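Everything below concerns the one structure shown next.
By letter and in written order, the chains are A, B, C, D, E, F, G and H; residue numbering begins at 1 in each of them.
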Amino acid sequence: MCALTRKGMCVEGSFSFRKVGDFARLDEARAARTGVPEIILAEGKTPAQVARIAEAARGTVIVSRFSPAHLREVRKAFPKAEARMDARIIVVRKGKRPFLRDGCAIGVLTAGTSDIPVAEEAAVVAEEMGCKVLRAFDVGVAGIHRLFPALRGMRGAGARALVVAAGREGTLPAIVAGLVDVPVIGLPTSTGYGFGGKGEAALKSMLQSCSFLTVVNIDNGVAAGACAALIAKGVER
Amino acid sequence: MCALTRKGMCVEGSFSFRKVGDFARLDEARAARTGVPEIILAEGKTPAQVARIAEAARGTVIVSRFSPAHLREVRKAFPKAEARMDARIIVVRKGKRPFLRDGCAIGVLTAGTSDIPVAEEAAVVAEEMGCKVLRAFDVGVAGIHRLFPALRGMRGAGARALVVAAGREGTLPAIVAGLVDVPVIGLPTSTGYGFGGKGEAALKSMLQSCSFLTVVNIDNGVAAGACAALIAKGVER
Amino acid sequence: MCALTRKGMCVEGSFSFRKVGDFARLDEARAARTGVPEIILAEGKTPAQVARIAEAARGTVIVSRFSPAHLREVRKAFPKAEARMDARIIVVRKGKRPFLRDGCAIGVLTAGTSDIPVAEEAAVVAEEMGCKVLRAFDVGVAGIHRLFPALRGMRGAGARALVVAAGREGTLPAIVAGLVDVPVIGLPTSTGYGFGGKGEAALKSMLQSCSFLTVVNIDNGVAAGACAALIAKGVER
Amino acid sequence: MCALTRKGMCVEGSFSFRKVGDFARLDEARAARTGVPEIILAEGKTPAQVARIAEAARGTVIVSRFSPAHLREVRKAFPKAEARMDARIIVVRKGKRPFLRDGCAIGVLTAGTSDIPVAEEAAVVAEEMGCKVLRAFDVGVAGIHRLFPALRGMRGAGARALVVAAGREGTLPAIVAGLVDVPVIGLPTSTGYGFGGKGEAALKSMLQSCSFLTVVNIDNGVAAGACAALIAKGVER
Amino acid sequence: MCALTRKGMCVEGSFSFRKVGDFARLDEARAARTGVPEIILAEGKTPAQVARIAEAARGTVIVSRFSPAHLREVRKAFPKAEARMDARIIVVRKGKRPFLRDGCAIGVLTAGTSDIPVAEEAAVVAEEMGCKVLRAFDVGVAGIHRLFPALRGMRGAGARALVVAAGREGTLPAIVAGLVDVPVIGLPTSTGYGFGGKGEAALKSMLQSCSFLTVVNIDNGVAAGACAALIAKGVER
Amino acid sequence: MCALTRKGMCVEGSFSFRKVGDFARLDEARAARTGVPEIILAEGKTPAQVARIAEAARGTVIVSRFSPAHLREVRKAFPKAEARMDARIIVVRKGKRPFLRDGCAIGVLTAGTSDIPVAEEAAVVAEEMGCKVLRAFDVGVAGIHRLFPALRGMRGAGARALVVAAGREGTLPAIVAGLVDVPVIGLPTSTGYGFGGKGEAALKSMLQSCSFLTVVNIDNGVAAGACAALIAKGVER
Amino acid sequence: MCALTRKGMCVEGSFSFRKVGDFARLDEARAARTGVPEIILAEGKTPAQVARIAEAARGTVIVSRFSPAHLREVRKAFPKAEARMDARIIVVRKGKRPFLRDGCAIGVLTAGTSDIPVAEEAAVVAEEMGCKVLRAFDVGVAGIHRLFPALRGMRGAGARALVVAAGREGTLPAIVAGLVDVPVIGLPTSTGYGFGGKGEAALKSMLQSCSFLTVVNIDNGVAAGACAALIAKGVER
Amino acid sequence: MCALTRKGMCVEGSFSFRKVGDFARLDEARAARTGVPEIILAEGKTPAQVARIAEAARGTVIVSRFSPAHLREVRKAFPKAEARMDARIIVVRKGKRPFLRDGCAIGVLTAGTSDIPVAEEAAVVAEEMGCKVLRAFDVGVAGIHRLFPALRGMRGAGARALVVAAGREGTLPAIVAGLVDVPVIGLPTSTGYGFGGKGEAALKSMLQSCSFLTVVNIDNGVAAGACAALIAKGVER
């Protein structure tokens, strides 16, 4: 049994795994099989568990939604681990920086200032997958005219997919998708209070959009960045 | 005990009422007290009940969300009752047409074609309250450029309040409210299927709007029209 | 492209904006375009972000739902910034106090004592927009007779719109709207525990009201105050 | 094992039951034990099942929420069964009419005309339990002044408990409970459309009421009537 | 305008009120009108507000859901105020203890140990209204046989109404209501975790009960106790 | 790759499948692998699709939630297909009747009469898996004493697992699980109206039960019957 | 103002529109601007409205979720309009068939037989956008081994994006996304009854997926197909 | 009245109970009657209450979801009480360790590392009931190939029931149930953020599973372990 990649090759050992203590079974070939590096959600895991899994993994490891305790424990094993506080991500690189793949470029937009941390989570993941990321923050619909120059800049720079983060009413992705012919991924953020707050209205309005777009879950910048990069990487061949 | 109107006058008998059969107590002075004509929600009432209440009321009566049976029964009592099928409204005028109040003008916009019936419900109510209604339908965000000329037309014609009907993701009211300095009332409609459908996402995104607007319940064109007319009528003095 | 105001004039540069660091794009003409001053929701923004946006804005800036850290940082830039603790609002005035517009008067009522902070948020915003605010607190339905004198006072003083704040069962706005002929804005507050608590029952009962009123989201005093002021300002011309 | 009634007597056979076909086990002593006659919810049961259970029961049987097919089948066994169409109830009396208990009187109020069928369900059940029922319909908050004379009438006639039916925003029970010193039972009805419709807002606002009252489920007139009668019957001794 | 009590007397000044600072309007005659003492929900009010309202009120004052700060401030004004920690209630008695009304007795039961604080809230309120309270805790359905002796004791002692507190699945009130002929009030408590936790399943199952009972909101012991006492007091005359 | 059964044997071809038209891939070894016969949910499939899948399957086929059109089409292929109308199940037996496995016995109880169809769905599935089914219907909590003799009968007859169907408040499974030492499966049914109706309260109260039981989804008699039979069959070895 | 396409060209008239009666404003350049043909959601529009919009549009028109009346009216204007009953789509081609773009290939999978109509909706839209569609139906997790050969076939045929339709528990997309390195779009379908039915559980489990994928709303095959085609078309350049 | 166990014996005093202070009525025969030891949910009980109940109980006592204060108080009474921190369980053994019952073996699996604490809760309860527990953690669907060897190991070791814990999308139990012929209990865990987070999506997808399994509530490891052990114990005879 083997997994076929885009290039049609069989990934050796594509379904092997390695036990890490008695608390994890590392799916070692996942990065090769799916094109996404090992990403560990720190929430719900102890600092020691996160550090051990990071040690066991091959290639770059990304730790998301970490606490200070997680960072301290990971830094014991990897003193050079990079903490991207704006994105709540730790990057543990075991080899070189990702080389910038030719043509792999995505855009990341936010409706407001509060959406930036989640958008950065998406951006950092895509960068670690070798993509150039073009950012434009606070271009939401309360002043919709701020959007047009940002979009033109992104298209000019060759963005192949757009991640659009928005909280509260979550309108921006639908508007962007009505203006461009690249795939748009809506990324709802948990901003806003009251009824439909914490990102719920944003998610629902993206799902109900008259324009055509796909969405990820509230605050799931990791999925948005990974999927956007997968789309953009497809273009390079 | 008397109710004060805007003009500071005491409405005579402002808290009297009249029994209609044993099933209704007609609040006779409500129209004088609140500035809104008698509006009967037909759903949940029998045709005979609706017709009897319409007979007992003073002044214009509006019957909303009626069935064919309601219309037949009302027409027995008022053969000239006007059925506005597009708005699901019956208008029973006991006096003359409402005279057009100077300066009382509102705009009614819809995001899509499917939102028109609910928007017409709002428009007809406002017209019966003596306001001019400017309509612009299908100007939603999937092609946001359709909106600007419509708004300019409305402002040029003196609209003092805007009712903006939208279903599915319900984005349009927030965008309009970011562009104008007149009060905007969001009117969610029960279009759209799947999660957040039937107007739920629309309502929530209007409530979460970064722009400043007020909303009414899903499909409640009657309330939107009445409140918009109350706002616009205030301007006339 | 220009935006038309009520007075029919084209606002110069009505769709320009200014970048603030890389985290905000200030929609500079929004105040002129929409008639509402720049209002910054502090929640979800860092103190530095809030202070920088406040510095970049023209005219009065209102910061809502702030923390002590936000206040400290804003005060570094604007030592005279006024902190309205009762309303959780910071007012940064760059020019003079708002002059009281002739005829711009609104009423703000609460059902209970716990609703006062949210009601004050609405009141302060309206005051900064140049309106007189008439307050009457704790007039809710458990003792409905407390309401009548308050309403008479407000009508006598020329209130052109009423903001009615209520939590728990949220009944008061519907009752007020059945008694007056000025527009009523329901403002649900997040009081109450158990099922339908945190303002949910209040919001839903306002949306279901048999009387005609419009609503804003739970605890969104800012929107209620801004919309009420927009309504009342319309009357002055 | 025996059950004690209010009078402190042991009910003979208070925990016996009788099998009806293979589809029901009739709890024969329930009426004696709980003071409420056998009430069969027809929905979800076949006409034959309803008729067989009615035959097997001792004393008066009440069938609620019946369809025409249920009525036909019940009438085969009990040609004189009384169909109260306004209340969607069939009454099968095996003995005499309930004698009117001295002092057992309740009031049944509705906010609107659409709430009458559910209110009648409550009224009929209480009447079959031997109570006098005072009715006042359409006294809701959109014209709150209609309420006072109705309440005075009920108190004058000795009502010992009040059932207050209301749909949409469901406000009326809270207001009544703030005005009287008899127990109030809120009865939400499934009127109203849009968000919080079908009685949901009504139920939630009754549960959140600042006044003190108890509630039953949406449209459950049977429970409201039975509980009100149990309260009022307690007074007689 | 005056309110009629059970005894048919007009309560003097039954609709007067007194302003307390600018934050409260004390409905002074409410106790006389409704038969329930002044009960202040401390949550959402400042300690100073609670203390001032307590001072202004006539007769006994009950403060529910208080924090230590509320207690300190109330004790400054009323050093002898009684803190019932088990019920989260402060009792401020301005006159004598409530005399025990003849015949006014209720039962308070809980399904489990965790339900006791909410049940005590109900019990204390009823006691302050002059009723005898019979308690039986931890008699829930996981061991249903514990219930029978408790019920027999209560009936023997003359309980005229039963408050039955239950969390998690909330079954107990339905079972009790199937066994007795006195009114049962279901009091759901916010125990239990996971889906339907925090009292939601308990509330819903009480509303869906096949037996006949009424309910109050989750954790609302105050309402349960007040309504039970109103029922029991009715019996005494 | 092979699947191990309880007896430790490798099922030949345990992961093969057969295409049926272009609309289904029949998992041929599922019955051997999982111990449950092929069960086709008719809802959402065309009559032709259901009939073709039934033809392609090996061994007994059960069709659940079928319409008359499904039955007609299945009967074209299998004229002797048995329609169990009470359970909304068609049984297509290709071999002999299931032989009654020694010791495989389960009990199926319902709280009310309306729960019988769903309970029968469970019973028929278990019977087709070779188990004896002991039935006791209408033993719910409104008259809890009806339960004890039924339980004693089932235990005496050797029931190894109990399926307990209940709608509305869904209490019965928790009570049963507090009385016996065999596994109890709660089966919520979609009876009941109003809030928490259609089985929602029943499901939630089963999930919140203080006693220990497992549940299946609302109306999913098939899963309840299959799992109960799997439990009971385990006993036979 | 002009819109930039992927090829960096300015689309002439990219923000023009044409009025259709008074009920629609056709965004004429949308197809050129966004790369997706005009797609009309028939639900909520009258047959005449649908037909008139179809006539006014340039290029291919797709009508989704149509009724027989819609089809009749469209066929009056376009007798050759193709009705894809399996996908509930009408295709009105005004020019030639879409030419098959080199390299534009997607896969469409379903978990079960009932998911096919929604999956076909996605497939037909992608085909009209010039993509080859590879189908594999009924490969869901109840027999997960059916999935592997289907995936291998799709990868071998060059699929650049996968649409994975699933109802009920909605697991399949997450599993597929853990096996391949092409973008996966989860398409929840409204199959399944009981709690979390009608596609809700499917949507939520796709949003919660540990693998990385994006989703569209329940039953929104149109969006899934359009986005998948946009992804696949990106590859061709 | 006596309860029958599987062995057909009448449990002496099976419905007796003992009062513990005034806050608990210990159902002393529950362990004998139901086969599950006394399990005390610490949440919502004071440390003193927990300790007193533990003292009063006969046989082994399990305290779940305890805080440090609960542990301290229990240790005062039982210095040797064993704290299983990984499972959040205290075990108080009054006699010997449970002897390992012949044949009583269950498997406990988790989809991810974060699910381990809840799974351990199930495992510890089953062990205290005398069962052998086979563990396999982190075998979820993102790398489904990790599952097969784990399942084979469990079947080889004689597991008679499987508890499968999973959070987020909750897919694993459905997949396991499609592969084996032993009863599977789905145990949703409160991992995951965003919409459907905190275990809600996991619970719903387990309830919607196409495979046949039963479920317990979110994080209710105690119920899963107890029911699995009851199933496995049935096999031994």
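Throughout what follows, a residue touches a chain if its C-beta (ideal position, glycine included) is under 8 Å from a C-beta of that chain, and two chains touch if they have at least 3 such contacts.
The structure displayed is predicted, hence computed values, not measured ones.
Steps from chain B to chain G, taking the shortest chain of touch contacts, total 1. Of all chains in the assembly, those touching chain C and also chain G are A, B. Of all chains in the assembly, those touching chain D and also chain H are E, F. In the Cα superposition of chain E onto chain H, the rotation angle, rounded to steps of 5, is 90 degrees. Chain F and chain H touch with mostly matching residues; of the residue numbers seen at this interface, over half occur in both copies. Pairs G-H and D-F differ in how many C-beta pairs touch across them, and the larger number is found at G-H. As a whole-number value, the distance joining the C-alpha centres of chain D and chain E reads 25 Å. Each chain gets a centre from the mean of its Cα atoms; for chain A and chain H, those two points are 37 Å apart. For this pair, chain A with chain B, the centres built from the Cα atoms lie 45 Å apart. The residues of chain H that reach two or more other chains are 1, 27, 30, 142-143, 178-179, 194-197, 200, 203, 207-209, 211, 217, 220, listed in rising order.
Chain pairs that touch one another are A-B, A-C, A-G, A-H, B-C, B-D, B-G, C-D, C-E, D-E, D-F, E-F, E-H, F-G, F-H, G-H. Across the complex, chain A meets chain B through its residues 111-112, 140-144, 168-171, 174-175, 178-179, 192, 194-197, 200-211. Within the complex, the chain D residues that touch chain B are 113-114, 116, 135, 137-139, 142-143, 145-146, 167, 191, 193-197. Within the complex, the chain C residues that touch chain A are 1, 15, 17, 22-25, 27, 30, 41, 43-45, 49, 53, 65, 190, 199-200, 203, 217-220. Every residue of chain F that touches chain H in the complex is listed here, in rising order: 1, 3-6, 8, 30, 33-36, 148, 151-152, 155-156, 160-161, 177-183, 185, 203, 207-209, 211-217, 220, 222-224, 226-227, 230-231, 234-235, 237.
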